[in-house]
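Note that the chains take the letters A, B, C, D, E, F, G and H in the order they are written out, and that residue 1 is the start of every chain.
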Amino acid sequence: MDAIQVGIIMGSDSDLSTMTKCAEILKQFGIPYYMTVASAHRTPDRVAAVVKRAEEEDWKVIVAGAGMAAHLAGVVAAHTIIPVIGVPMPSSDLNGLDALLSTVQMPGGVPVATMGLGSAGAKNAGLLAVRILATSDQALRDKLREYRDREARSVIEKAEKIESTQ
Amino acid sequence: MDAIQVGIIMGSDSDLSTMTKCAEILKQFGIPYYMTVASAHRTPDRVAAVVKRAEEEDWKVIVAGAGMAAHLAGVVAAHTIIPVIGVPMPSSDLNGLDALLSTVQMPGGVPVATMGLGSAGAKNAGLLAVRILATSDQALRDKLREYRDREARSVIEKAEKIESTQ
Amino acid sequence: MDAIQVGIIMGSDSDLSTMTKCAEILKQFGIPYYMTVASAHRTPDRVAAVVKRAEEEDWKVIVAGAGMAAHLAGVVAAHTIIPVIGVPMPSSDLNGLDALLSTVQMPGGVPVATMGLGSAGAKNAGLLAVRILATSDQALRDKLREYRDREARSVIEKAEKIESTQ
Amino acid sequence: MDAIQVGIIMGSDSDLSTMTKCAEILKQFGIPYYMTVASAHRTPDRVAAVVKRAEEEDWKVIVAGAGMAAHLAGVVAAHTIIPVIGVPMPSSDLNGLDALLSTVQMPGGVPVATMGLGSAGAKNAGLLAVRILATSDQALRDKLREYRDREARSVIEKAEKIESTQ
Amino acid sequence: MDAIQVGIIMGSDSDLSTMTKCAEILKQFGIPYYMTVASAHRTPDRVAAVVKRAEEEDWKVIVAGAGMAAHLAGVVAAHTIIPVIGVPMPSSDLNGLDALLSTVQMPGGVPVATMGLGSAGAKNAGLLAVRILATSDQALRDKLREYRDREARSVIEKAEKIESTQ
Amino acid sequence: MDAIQVGIIMGSDSDLSTMTKCAEILKQFGIPYYMTVASAHRTPDRVAAVVKRAEEEDWKVIVAGAGMAAHLAGVVAAHTIIPVIGVPMPSSDLNGLDALLSTVQMPGGVPVATMGLGSAGAKNAGLLAVRILATSDQALRDKLREYRDREARSVIEKAEKIESTQ
Amino acid sequence: MDAIQVGIIMGSDSDLSTMTKCAEILKQFGIPYYMTVASAHRTPDRVAAVVKRAEEEDWKVIVAGAGMAAHLAGVVAAHTIIPVIGVPMPSSDLNGLDALLSTVQMPGGVPVATMGLGSAGAKNAGLLAVRILATSDQALRDKLREYRDREARSVIEKAEKIESTQ
Amino acid sequence: MDAIQVGIIMGSDSDLSTMTKCAEILKQFGIPYYMTVASAHRTPDRVAAVVKRAEEEDWKVIVAGAGMAAHLAGVVAAHTIIPVIGVPMPSSDLNGLDALLSTVQMPGGVPVATMGLGSAGAKNAGLLAVRILATSDQALRDKLREYRDREARSVIEKAEKIESTQ
């Protein structure tokens, strides 16, 4: 079994379908990952334990997704020097503004790489993790370029379809 | 020396002048308190240590003031069953909306008694702590009624002054 | 019949299903409570009467839930020295921002312990009430610790389920 | 002495300079008014007393100015059937959004005629009071038309000055 | 036929079901009213014509409901000295914040009595119109008091129902 | 004297220093313009008169700057088919959000070309006016390209200065 | 085939049904247009290519619709001196506030004529394009006046229908 | 001279004092960096050229700081597969909400690692860059741990000072 490169932690199992977008990107790039649930508020010790394991096993990136007063990414970042990517969940009444501000407005000293809200953010968390891993992996850089070109071609195909039907 | 009844924790020493409003209320009511700095992000272990001490020494209430992605109150509440009062600090570019939402929007299971922003919130944190202590202390209840009456008289005096100058 | 420990007031009967989350927590902890409807705007006298009864019967905590320009918790807090917990209802067009700000931004002198919006807030209102009662009740503190541990175990079970299906 | 036509209530003496803009309009139109301080949170009984006097003395309009979780106008409107005009004060960290939403988002059944924030709102509160009194007073309607024409001329004079300096 | 006392103008026929809440209140109080559609942006001349008719026929109050960049109430208020009540419609993507701010933030000199968003605001517009008419009509004041008492009794009945089922 | 190509209208003379940024751009490009004050709320007839003149004199573009519940641009656009550019002024307590939403959220049928808030917006209003005029004026298109290149060179010079001092 | 007068670019094919409102207006006025998809983030080269074609073929106006961090209109405006109209899409969790601010808050030097959110904005983008083309086309000005009159009559017909059913 | 590891790009030279916080962190960790100005709107070609150089010289991380409709980070991320860190500048009237949403709400496929607003965000951008470089550099990981410990000790010293003066 390959060593874990990326850890995905979500604050609640209700975030699973969203955070799966992150896992799917990692799978697509062949990056071994570990995905689990750990709540900064209901299971602070579990969060600490997962982060400790991350340091011991030398994970390269941790992705943390949470909603409402989303403290998970910040708490993880406080316990490690591994790069932490935060995904705010739009799960509450305030359209996700609470989760977004709780994740991004970190005080100087403890960075959280914050993504956009929800599925787009989760997908981008996976891609940022790959970009980070690719800084020391030429093969991954090539794969990222191929991925980007495929995405661009997909836009162009849609454009052609729309143009042809006018 | 009297046993500590209330702990006041602030995320940064720049919050001192604001959180002092809380301490002043406690002094006024003769409540022994302990005030310190502990950052949820820069010193997570220190936060845990303060909370552990709170549980061991049987503090009755913890007040936590923090700004930006204000995780302090939530992190404290996650580590204890003592009532936690959160004071959001309006220290950042978003007029304190970040601190307010980060403090108040706690997920179900871990309550934080959130006050308004800044000085008014810090003062009210002191008064809520007194109200909580007063639930099992008749003398404190009497003092609270006196305080309220004094506050009301002060409003009335100002009203009379304004009326007399029209 | 046991003496009422906690009063739950809601501004409209349409808030019932949300505020029931608060009542369920109190039932679970065996706390006698009284739940009713009283609107700060449509029945100000009734609000005053409920608060007067609270003072006479020595209730320990009052929980007030209301939406829109949510004045109920503030009005209750103005009439009593009992700790007041406010639950903003996300019932209006502004995603609950109106109810949240109307509840939390109390002026210095009259604290309202504000919870998050809606169901999570109502549940936490119940738990904060229990935490407050527990400041002078060792048995309740033990129950709170058990509750917290059960909640943590529930998160861990969900985590294991998610991990096992990857 | 003429009977009071308009009552101006402000939640704090710090609102005086703003609410004076309302009084100035009333003076300009020769409307007898009474201006005082009464806090919905610190002096709820005083608010009730002022409103009771308003009903007994048959005031025609009540203007209420308050900041933060601005409950004053709503509380006044709940105690009377006299038209109530609310002026939200931009006194807090949230740019007055808290005072605005707390004043305007009244539930169905209890209207508050809400003005814009601060000085412009206070001035307009005076003018709306005059418009209301003018519904049964032809002389006042004429004065309002003169006032409006003077305001328009003042804009035109400024326009001419700007045009002439180009 | 009785002379029109209140004019109700809405910016679009899609506002009809909401503004009907206002008409229903007026009907209930026996106030003759006239309700129509006139868009400040698509039919500025029609708006001017309706306002001119209002002045000629001596209407007492104009209610204006509009959404998005809701200019209708402000434009009406600019053309008349009759009291104007604005009802912001929550019809757009911004949860009605656009309509609310466009209606309430009038510059000094031209007041708009702004209600809350949507149906509650429309109902309250009707009630404020009645309160204004009642300033010179004792019978209407009595009816308002009866209305208020009925509303209060309705709340109390709901409260009793909830209490009895606990 | 050259025929007016662009009219600049501002709602208040306090907007002059901001709207001058628009005039400066027009001067720089040699576009004859006319700048005046006309308030949609205090002088609706003057606004109509200015717009009538615009149609008669065949102005090509109208720029309208206003703050708070900024109705000016919308009212102008309702009275003409000339392209209207709106500049929201950040003059009120809400950081200009009121002016921005009041200007941009026009209903379908009456477009306002909305710029950013304040000085940057006023400058861009001038540049958009030039771009519009340039659609039928080759010489103006050349000038616009020169302007853009100068702006780019200015950025590059600043970049070189910063790089050289590292 | 007639030369393209207006280019419509959307950031994603999911914006098609909204941007079609723009195309429908252009069709109604007989303006030849070209509509395609090009993402500022996924296909930056394609955006540059479309803009280059626009300059070469002398298009008169470009309409750009995009959601979330909507950079498309700004990027287009940076590459051309043709007037650019931006339509923010309300596609994300923040009610379109992200798309609106990302489109409208352009720095001084590069204007984007920003419309309201979604369908109303797309329709108005078409109408603004026509207004711009009409600055050098008398026939188009006449058509715009006819369109405006038809729109006004449609409002009046709806008004009559509502009035007749009261 | 050492090869550049991190590029810092800012949209305007007015961002220099803020972005210097990022450079200071990199200096402290001995990371060679290059800092320049390039505006996504005023110099799109320069942005493309800087990014091209980054790819050719194999920079590991790019930090992009910009205000208002902050497109810089997104545009850079669209042109490269190098990890991009965005720093929103609070330079405009909307308290930085425009820059924050324009930076963070990227569509799926093109991630931007968004930091908090202003100086704290710029400092954290430097620290995140170091964390990313440290994923393949053990010595840097050790330095990060030392840095974190120093920061924690600094908090503790401040705490002791505050405690000793009570």
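Here is the rule we go by: a residue touches a chain if its C-beta (ideal position, glycine included) is under 8 Å from a C-beta of that chain, and two chains touch if they have at least 3 such contacts.
Quick caveat, the model's predicted, so the values are computed rather than measured.
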item	value
Neighbouring chains common to chain C and chain F, by label	D, E
Third chains touching both chain E and chain D	C, F
Option in E-F, B-H or B-C whose residue-number contact pairs overlap D-E by over half	B-C
Pair joined by the larger number of C-beta contacts - A-G, A-B	A-B
For chain C paired with chain H, centre-to-centre distance based on mean C-alpha positions, whole Å	42
Chain E-chain G separation of Cα centroids, rounded to whole Å	35
Whole-Å separation of chain centres (CA-atom averages), chain A against chain D	52
Sites on chain C at which at least two other chains make contact	12, 39, 42, 68-69, 92, 94-95, 97, 100, 104-107, 109-110, 116-117, 120, 148, 151
Interchain pairs in contact, sorted by label	A-B, A-C, A-G, A-H, B-C, B-D, B-H, C-D, C-E, D-E, D-F, E-F, E-G, F-G, F-H, G-H
Partner chain E, residues of chain C touching it in the complex	12-13, 16, 23, 34-39, 42-43, 45-46, 68-69, 92-95
List of chain F residues in touch with chain G within their complex	21, 60-61, 81-83, 85, 100, 104-117, 119-120, 123-125, 127-128, 131-136, 141, 144-145, 148, 151
Chain D-touching residues of chain C, taken from the complex the two chains share	11-12, 39-42, 44, 67-69, 71, 74-75, 77-79, 92, 94, 97-98, 101-107, 109-110
Chain H-touching residues of chain F, taken from the complex the two chains share	90, 95-97, 100, 116-118, 120, 148, 151-152, 155-156, 158-159, 161-163, 166
